[in-house]
Amino acid sequence: MTPRLVLDGVSVARSDTVVVEPLSLSMDAGEVVALLGANGAGKSSLIEAVAGHLPIVAGTLRLDGRDVTAGSLQARARAGIAWCPEGRRLFPGLTVEETLDVAATGNRRVRAEAIERMFALFPALAAHRKTPAWQLSGGQQQMLAIARAVIAAPRVVLLDEPSLGLAPAVLDSVFDAVRRLAEDGAAVLLAEQNVARALAVAGRTLVLARGRVILEGPSERIAVDPTLPGALLGV
Amino acid sequence: MIEAIPQLLVNALALGSTYALAALGFVLVINAVGAVNFAHGELVMLGGFVAVGLAATLPETAVLPGLIVLPGVMLALAAVGLVLALIGYAPLRRAPPVSVFISTIAIGLIIQHAVTAGIGPEPRVGPPLIGTGSVELFGAVIARQQLATIAVAGLLLVAVHALLKHTRFGRRLRAAAQDPVMARAIGIPVVLTTAASFAMAGALAGAAGLMLSNQYFVAPTDGAVLMLKAYVATVIGGWGRVWGAALGAFAIAAFETVVAASVSYLVAEVLLYVGVLALLMLRPRGLFGEAEGRRA
Amino acid sequence: MSRLFHTLVAALVVMVTAMAARAAEPVSIPVLVPITGFLALEGTAQRNGAVLALDTPPAGVSVTYEVSDTATSPEVAVTALRRALDRFDPVAIAAPIFGTQMLAMAPIANRAGVPLITVSGTAKITELGHDVVFRFFPTDAVVKVAQARYAVRELGVKRPAILYQTTAYGQSGHGHLVRTLAELGIAPVLEEAIDPGIKDLLPALERARAAGADGLLLQLHSGPTALAVRQAHGLGLGLPIVAGSAMHQPSTAALLDPAALKGVCAETASAPIADARPAVKAFAVAFEARFGTKPDAFALGQYDGVRMVLAAVAGGARTAGAVRDWLAANRYEGLAMSYVSDGTGNMAHDAIIVCYDGNSRVPRIVKRYDAVDGIR
């Protein structure tokens, strides 16, 4: 079976500086892969490159076997790569319902059904249909950001630090949602600072430091690896 | 003076409708592109001149001359709006917003001088939408053109508000204005929505110019004054709010008619701006608050 | 003998050729007027009048000219003036109607000794002691007096309301109107200052009605004048209106239905489209054929001014100083009126009143006021 997402020697640059050295990764549908590492290690850059927001300067990116390396942000979105960026970046003036409506595809009936599915997945949002995004709490905003990313049933979901700024009580719902995304068949690539939560939800984990992969493997093994703390500090 | 109140109110309503119509395209671009287009007043003025020009091609006895040329005027100004977007907005969309202020101010000046040099500096009178003549209403004389302006303004205000608030297309416009990168990330063709917004704003400016040019005449220097009033109306009502800008427009018109009739034009204008300052001190976000907060 | 004869003939031929060449040498008369900006209407009229005169010089005179836009600021006007003085060595310059620009240009022209030919109405330009400014349009001291006198003595207005623009034009006119009315024993019942951007004049008209006005005196620009006339007509105000010179301009009348013009009169220096004299009619026809618009008093005044300069050149004045002296000393029979300096450069001293009959946009000349300021 063709892997859902394949990065083959992918290198990423931010304004002429290489921030991710050639990296290879293969993900199947239904997998959750975690990216760990200190700030500036390259996690966000890699996520943004797969999303299409940063250019891939070397290597290829394949989605279900199809080469999408040259695609733009919009093209990748239409191909089924969804991006939930760091800091959420919701549309401040749009309500919960309006946000989901613009992200959903299909005719009015299909969109309405998709919106209701999201409200079933994220009950906390259902009570705030008409609330503008800027008035939601942190946890609700994260729910909405994830819902916006996944409402069109994407094949790949990219999550950049979804736990950022959230209270522990809220984290359960967030990571529950991540698990369900994978169960529904998407390949989920998750960049995280919250090591424990990430290791718990992901099947595999990569640890990045200064743009390179320094640890890689099944999450249970990485979790007990003695070099993990050092790796996370970027040492 | 009491007997004059019905007439003053009727005039306030007609003048306010004119200003609201002129402000509409300006507010649309704020909502749909996130840009402040300072050439909008000149687009309205240009619409007036295009209306005058097209009407001159009609036979003398044409009925509903304004209505006949309206589609042509809106189409022409939609095209101008697109060119404006291409020259004044597209190259600067990643620059700080003040760059677009300056580029559109410059384009406005270019349009004004082009009209002065190419068409002439004289004020012109445009075609009436449905006809000349007036009717009596509650002791006030109201010109048919004033009635038509009120109707057209009301219709277009409702249409633009409905477009932005109640249609998917309108929501996508607002998303593209509020965060173009994330809009692209969910598949919205931001380049197309931006172009469509400028084209629609141009068309609205054209309609406003046509209505204005008959009731109040049009001269190449009118753009700047209109722009100022549209801007103040938008600030009064709450930045980005369609009905807020309309309310602001009616407030300005009320000061220029009812208040001016009681004191004098100069005092009325001073009172208006003192009022605006007081409003901004008490409610910095305008009467209805801004269309979007900034916490997300 | 034969050799002497041939030498004399040769010398004669050389002398005559040289004299003919000198006579045919073109003089330069640059045209510096506002073609863009808020005075573009009047500036364009100036430009057209000057150009028509410069293109039809009297026999034996050849002219070169260049037109420059002075736009809206004194700096631009001064720059244009300096450039014209440097490049062309002009004998005279057609100068902007804009008083503020004239005030900035006059000292420089004075130092260069080059006369400025203008139709500006701003009083001050001839009051500063620069003897190079020649104004071919009657000042407010002439036209406003005519306006007030016509309203009071011919129309019997006793309680006039004055609507004037907040600009320098409006304020100057307002001052002169009030002074003249006082001399006639009349006090205005309303004096309302109106910003050029105001579109609804109902408040002013209502206040005039409430104050018991029996006549309206307007000192407004073209668009606002038309708005005032139309709204007064729409309200059925029924008051006689004597407007400023903006009302005589064909472009202003073109904005209105002829019916709305009934009972409306205006002061002006001349009205080329209404004047029955053959020379003026010929000018109006030639003007419209050339420029596609009908001429107004500003165009005719500028035309007359430039033609007086050309007459000076034809009369032998070939330097700026000589032209200046000629203009200061001579009387000239122009198309609009007879021009002669009052000693400070004011050349025009007559005004007329035109009135519309409600059937046409072409007014009739109903009264002449000659030598209003006492200069004949």
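Labels A, B and C are assigned to the chains in the order they are written; within every chain, residues are numbered from 1.
Throughout what follows, contacts are C-beta pairs under 8 Å (C-beta built on N, C-alpha and C of every residue); 3 or more make two chains touch, one makes a residue touch a chain.
Computed from a prediction, not measured in an experiment: that's the story for all the values here.
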Far-end chain from chain C, centres as C-alpha averages: A
Distance-to-centre winner among chains (Cα means, whole assembly as reference): B
Centre distance in Å when chain A and chain C are each reduced to the mean of their C-alpha atoms: 75
Distance between chain centroids, defined by C-alpha means - chain A, chain B (Å): 43
Distance between the centres, which are taken as Cα means, of chain C and chain B, whole angstrom: 37
Residues of chain B whose C-beta touches two or more other chains: none
Chain A to chain B touching residues, read off their complex: 51-53, 72-74, 77-78, 82-83, 85, 88-94, 98-99, 101-103, 105, 108, 111, 132-136, 141, 148-149, 152
Chain C residues touching chain B - in the complex, by the definition given at the top: 35-38, 40-41, 43-44, 166, 192-195, 197-200, 202-204, 206-207, 209-210, 222-223, 226-227, 234-236, 251-252, 254-257, 293
Parts of chain B lying in touch with chain A, wherever the complex brings them together: 168, 171-172, 174-175, 178-179, 181-190, 240, 291-296
Sites on chain B touched by chain C in the complex: 1, 4, 7-8, 11, 15, 18, 113, 116-117, 120-125, 132, 134, 141, 143, 216-217, 219-221, 225, 253, 256-258, 260-261, 264-266, 268-269
